[in-house]
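Order of writing sets the chain letters: A, B, C, D, E and F. Residues in each chain are counted from 1.
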Amino acid sequence: MKKVEAIIRHFKLDDVKNALSEQGVFGMTVIEVAGYGRQKGHTETYRGTEYAVDFVPKKKIEIVCSDENLQKVIDTILRTAQTGQIGDGKIFVTNLEDSIRIRTGETGQDAI
Amino acid sequence: MRTYFLRGLLACALVGLIATQFLVTSVVAQTTTEASPEVSEPREVVPVEAGNTNEVEVPEEEAPGLDSGDNAWMLTSSALVLFMTAPGLAMFYSGLVRKKNVLGVMMQCLFLMGLMTVVWSLWGYTLSFGGDHPYIGNMEFLFMENVQPAYDAELGEPVTPMHGTIPEYTFMLFQGMFFIITPALICGAFAERMKFSAMAVFSILWGTLVYCPLCHWVWDGGILAYGEPSSLAGGALDFAGGTVVHISSGISALVCAIFVGKRLGYGHDDMRPHNLTYTTLGAAMLWVGWFGFNAGSAGAADALASNAFAVTHFSAAAGAVAWALMEWIQRGKPSVLGCASGAVAGLVCITPAAGFVLPMPALAMGAAAGIVCYYTCTVLKQQMGYDDSLDAFGVHGVGGTLGAVLTGVFATRNVMGGEPIGLYEGGGVSLLIGQVVAVLVTVAFSVFATAFLLKLIDVLIGLRVTQESEIRGLDISEHGEEGYIFS
Amino acid sequence: MRTYFLRGLLACALVGLIATQFLVTSVVAQTTTEASPEVSEPREVVPVEAGNTNEVEVPEEEAPGLDSGDNAWMLTSSALVLFMTAPGLAMFYSGLVRKKNVLGVMMQCLFLMGLMTVVWSLWGYTLSFGGDHPYIGNMEFLFMENVQPAYDAELGEPVTPMHGTIPEYTFMLFQGMFFIITPALICGAFAERMKFSAMAVFSILWGTLVYCPLCHWVWDGGILAYGEPSSLAGGALDFAGGTVVHISSGISALVCAIFVGKRLGYGHDDMRPHNLTYTTLGAAMLWVGWFGFNAGSAGAADALASNAFAVTHFSAAAGAVAWALMEWIQRGKPSVLGCASGAVAGLVCITPAAGFVLPMPALAMGAAAGIVCYYTCTVLKQQMGYDDSLDAFGVHGVGGTLGAVLTGVFATRNVMGGEPIGLYEGGGVSLLIGQVVAVLVTVAFSVFATAFLLKLIDVLIGLRVTQESEIRGLDISEHGEEGYIFS
Amino acid sequence: MRTYFLRGLLACALVGLIATQFLVTSVVAQTTTEASPEVSEPREVVPVEAGNTNEVEVPEEEAPGLDSGDNAWMLTSSALVLFMTAPGLAMFYSGLVRKKNVLGVMMQCLFLMGLMTVVWSLWGYTLSFGGDHPYIGNMEFLFMENVQPAYDAELGEPVTPMHGTIPEYTFMLFQGMFFIITPALICGAFAERMKFSAMAVFSILWGTLVYCPLCHWVWDGGILAYGEPSSLAGGALDFAGGTVVHISSGISALVCAIFVGKRLGYGHDDMRPHNLTYTTLGAAMLWVGWFGFNAGSAGAADALASNAFAVTHFSAAAGAVAWALMEWIQRGKPSVLGCASGAVAGLVCITPAAGFVLPMPALAMGAAAGIVCYYTCTVLKQQMGYDDSLDAFGVHGVGGTLGAVLTGVFATRNVMGGEPIGLYEGGGVSLLIGQVVAVLVTVAFSVFATAFLLKLIDVLIGLRVTQESEIRGLDISEHGEEGYIFS
Amino acid sequence: MKKVEAIIRHFKLDDVKNALSEQGVFGMTVIEVAGYGRQKGHTETYRGTEYAVDFVPKKKIEIVCSDENLQKVIDTILRTAQTGQIGDGKIFVTNLEDSIRIRTGETGQDAI
Amino acid sequence: MKKVEAIIRHFKLDDVKNALSEQGVFGMTVIEVAGYGRQKGHTETYRGTEYAVDFVPKKKIEIVCSDENLQKVIDTILRTAQTGQIGDGKIFVTNLEDSIRIRTGETGQDAI
């Protein structure tokens, strides 16, 4: 099994989620993150004091899927999360040793 | 879409004008035969004038002295009406937008408190309440002349111009608070996408060219003033601003919403209110402040003020319950937002009637407003598809119109004295016609003027922020700040 | 547990009734010999009546005119008392619950502003203040009859019924605000688990069957009114609602807490207040609004109002400091929640006494309330193990009782005139006995009536939301909304 | 750094004293020749005394009766001024700190509402307004003696001491609210790092030893009172607290900021305001409450109150617009924080002048305050490098000084009557000199006294929390609570 | 070393944490997440506009432990986080290459 | 490629970020977390009810880097995030199978 972590733009979450569901991928976990990269942040001023805010709010999606589903998941995300502008984000893939469904104790494939 | 709408509105506006002409002529006879006698009689007009108006019959030479109780109440009312704009409206509105625009909305309210007040002190007040020309005020109060006290060499002491039993100062202040909140209400329509600069320019122009004339027409013996010979169809009763404040702002809001266009991602993105606790608290503050708005429009701490206070409270209550019940029936759950919206709808609806109707009709008016506005904001808006972000039209435009019309139905001699006046107590349709005409004129005028101003500003500086700014949010892009920093 | 408690309360209630009977009889002699002369004398009764009461001695034929200053103050006070319920109480309470129930609490306050007002306008006011039957009001004010103005054909102008120097309207409005906040206070006891529908039905019934009679007994010449021949043990002094508002709501709250049962996971889950900034701000708003509550109960902007205002302010201050110091001493840190709770405790405690005591005793009463309520909410509650979510009983029930009793101690002729009255200045125990009797009667009545109503509603529609709804939170499950959407 | 500053301040303070001496002597002639005649004439002094002062010329034997309108307005104003401290200032300040200190700031405001009120009721009021010793009040009002009503055996009824047309009670309450907010303003300077215990002790001592004397000097016929023979340079006009409230607190704030030292990580860590929505709402509440602060200082609901209300409103408006425009011009974006700060600056600046100037000068004063304070808080503060967390000095110290001086320029007979008085209308420099002297004396006194008190407390209990506490935040370390629990 | 990521119900955190401490597992990192899966969300309506909220608030626990502790950790979580209702969550296990304690620079086992 | 997860003190984020940028590491993703470990929490009391708050707010930084950069990244974090007090946090290293830049679809090294 693989764990796909995708860092995407805030407002792309719904599109990605829906596209994945259509693809039959029904589970994911989403996290609010702050991203730092090529995309430039902005500056704020409070009574003359300037703050450079380098972090951009992003959403991080974690999807655990079977090896055969991996490509499908990646393609779907690429397709739906892309705007072509700097800051679209990244997809990271790691190998998963095991997964368990707490409710039933099922492990491996059946757990997801 | 946009143009289609505009056409529609302009059309209806034209219809309005024509209808007006027709009615006016058709009614003249009637008016002169039944309506006018009843309104020419001073006795009956008095309570009307106790309304939000500048007409004080008392001859200058024997003006009444200052009544500390009346002045105390009017100063308190002025504070309450400012309290409505911020924190009241600022919370009510800002809670409804997305987090990234919360300061944008609050800024509109706070900045307008400053900007409109400066305008009012310079030329706004005199254009609204100076002299008695039927169309516009004269320069008698320019730069607060004849409002501020002046040293009288003979008496050897300062003399403060009076307005009935209160200083002209107090009346000017009270009216000035209305001048702030009216454009602030419009901001609800173009929230989350309008340029701050455009909003500022629009507010100055709209206040000067739309609010001041309207205010003069209705409350300073102009063409819509009740019981003025020169008035259209005998004029209309507007105790605290059904036409001047709510219809004008509500209709203008609709024009803005159409003109500025929908928010990016409207109907697709998640646009849930980011902080309904603010909206709820804001609604409660509006409710409290509205006592100043309506009861203060009596101009004194008299029985009429108590009547206005009571019917205002009852109408708000009925509106809150009605809207909540509608939701309960139709979707199984009453919502806080619904309850809050209903309260405001009830408050808007009773505003023109507060000094003319009794408590039970007030309950009815509030309930009616709750139901009608509920339909406008839920069903109608969906169908028509305009993006009035915070329902400034759905609540203020519709609620204000309903209130203005129902005033013609429920206005009663029991409060105003004189002959039977409202339709309900057998006063005939003349008042009702006057009310309708006033509504149509206000609508027509607001549509034309607002559309013109928007076009102008669009050409000059542009109305809308860039896509990128809109996505990032107005707080950062327009003001370089963030509302909440909780991490 | 639950039943054990109920038994206990019913028992104490019975004791109350018996004690009452006993005292009444035992005191009659005394009363007739010393108490009654002192209370029959008009002079002394005047200030008392200046209290929150309907008794206006002035004969109708030569009624005093409307005093604009008094009306201004009473209208302002009415606005202030509404301000207490929301935003005041709405913030104070909602900050104490978990995030998922914040709207649920605010909705209770806002919706009750609507619901109770409608009830008040229809039958609530007349049941409370109509006629002078010892047990319940008559129908004279039904549907605002005899409150609203009426057109007088002879005079040819409208006539507004007066209540002393202010319109009956104003008095009705002021009292109506009390009718809103009292059930709203009870909501603190069953917050986070009560069905919204059950809350609504309960409030209507409780308001009608518990509040109105109590109000009539104490403030409209009923069986608890001070100085009425028919009164139990000579009646009790209750300037602004120690018994009518705080004891009744506080005791009923306890019954509700026990009856509805504990919140899921009580004692195990993390139930920390989700937003103490709201609670703090709400407490401050309550403090400000309470000036209307207590000083407004003078019914005029007179010296008595100033006295009430001053002692209210001092008692709140002493309460805030006392509670904070208790924490400081006992756990090394004063907390904001403690300071806010102490202020409210002080305000509750002075409420019945505001028009009868001097500043220094007010400081003492506030401090006492701060300390006693601190123990109730921290020690006692833990031991007894009931789940009064927001300590409606701990603060209002206990603080109100303390205040009612101490009124019997500190009430003084220096404010009220007449013979020495309070225990402290040598007025004997008769007043104290009257106060205690009134407390016992109020407790007994509240316990029985509330228990009965809860049982009834439980059978009819059920009191409590489903487990799943409670876990998910009332905002979503009962109202289909979320309070904050910050992501 | 710290010491360097202190030296500087002490130096300037000394200069102040010397300058004072010089001016006093140099002015005497002038004063006696032109200033005094104009001030000795009762007629002109009346409006001045209508200011926030205890001098009521009316002979006791034929005191005027209680005016319900005046009392209504003064009670309302008292409520409004308390409303300024909390929720107003509590929101304005707490929004500006980091999330971890939000309760710490709110606690300072709420606790001071309690603490300072207790102090005021015991000895604060009498030290401020007792008797007419030039330097300090006597004991006539100790423990509310001669403020509270007393039973008069002859009359057989209670008698309430009067203060002009309102009870002494009301005046005491109104003044007491000032006693709360002044130390609360100082808290802005040492926010986020001061020990709560140190803050409490400091406030008691500062209130007693700095506020009370100053208040007595300016408003109770002391050495700075206008038109008193004993006054320095003829005394100064201070309608609602430019010197007593704003300069004293602003200057003391600066001393505190320097003395307590910078916050850990100042200039390096992210110290952005955690909740600007609170700050914006708080500013709006301050604006509304300020009407009570300034218009209430008229002591009655008369024309002077209306004048004060109007100029206060206009100055705030001009300040808000001016600061926002400065930002717009200088960095391309107007900010909500700027707009809010500007409004407060305008309000501070008009405070001493509210009862003496006309609307147009008020607009000028507000705009000036907006611009000057903008520079202080942005440019000057950066350069000098002190850490006045919430700019208590930048806004109140600077704005108050500006206002006090401009009062000498714009004060006019058109409001005050009598001879030309302000520089602008040709009244000569005598008033201006009096104003400057009062400012210098206030600055000198505040610097010395505050520095002394801080040193004392530092030695006794220490001023600052531990590093670890500061990093963790005052909410948890000082109060054992958290402001928001949203997860 | 292994990294255990468990997505559990909001109100189960304390139980899990306490149970783990009893088992001698003293370190963990917790993250607020929004979960999407079989468990259905809810709908909200604002002035007539409906929103289907598919995400359910969950807590994600990250625990780094030695290979021998792995089973104990998993069992403990399974035992304490289970309600048997849909939405109990998942446990994911990945292999960890290295771990370092910032304070001391210790690496591997000693770091946890 | 490696994925470095560092749990650090709240107020150390800026220092770490700046130090990393100087080292030429321009990308990272930051997450708000609550940490449980040796560092003791605090207790809160609300109207007499005590709550032991065992979790301490921390920041979690996720950095994906090439194998050769790994040591540099770790050293930089160690250097800048250290205070020597209990609670400085941890660094965890996992192996990454693939990384993709959404905007361009680039994979592997080029993606970061």
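Convention: contacts are C-beta pairs under 8 Å (C-beta built on N, C-alpha and C of every residue); 3 or more make two chains touch, one makes a residue touch a chain.
All figures in this text were calculated on a predicted structure; none of them were measured in a lab.
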| item | value |
| --- | --- |
| Steps needed, at fewest, to go from chain A to chain C via touching chains | 2 |
| Partner chains that chain D and chain F have in common | A, C |
| Same-residue or different-residue interface between chain A and chain F, half as cut-off | different |
| Chain pair repeating D-F, as identified from C-E, B-E or C-F when over half of the contact pairs by residue number coincide | C-E |
| Chain pair with the higher count of C-beta pairs in contact (C-E, B-E) | B-E |
| Separation of chain A from chain B, taking each centre as the mean of its C-alpha atoms, in whole Å | 48 |
| For chain C paired with chain D, centre-to-centre distance based on mean C-alpha positions, whole Å | 36 |
| Whole-Å gap between the CA centroids of chain D and chain E | 54 |
| Set of chain D residues in contact with two or more other chains | 67-70, 72-73, 76, 270, 272-273, 301, 331, 333, 335, 337, 480-482, 484, 486-487 |
| Residues within chain F bordering two or more other chains | 31-32, 34, 44-46, 94-95 |
| Interchain pairs in contact, sorted by label | A-B, A-D, A-E, A-F, B-C, B-D, B-E, C-D, C-E, C-F, D-F, E-F |
| Residues of chain B touching chain A in the complex | 265, 268-270, 471-472, 476, 480-482, 487 |
| Chain E partner contacts - residues on chain B that touch it in the complex | 270-273, 327, 331, 333, 335, 337-338, 341, 377-379, 381-382, 391 |
| Chain A-facing residues of chain E, complex | 2, 6-8, 31-38, 54-55, 58, 60, 74, 77-78, 81-95 |
| Footprint of chain C on chain D - complex, ascending | 66-73, 75-76, 78-79, 82-83, 85-87, 90-91, 94, 102-103, 106-107, 109-111, 113-115, 117-118, 121, 143-144, 147-151, 156-158, 160, 166-167, 169-170, 172-173, 176, 196, 278, 301, 478-486 |
| Sites on chain A touched by chain B in the complex | 11, 14, 34, 42-46 |
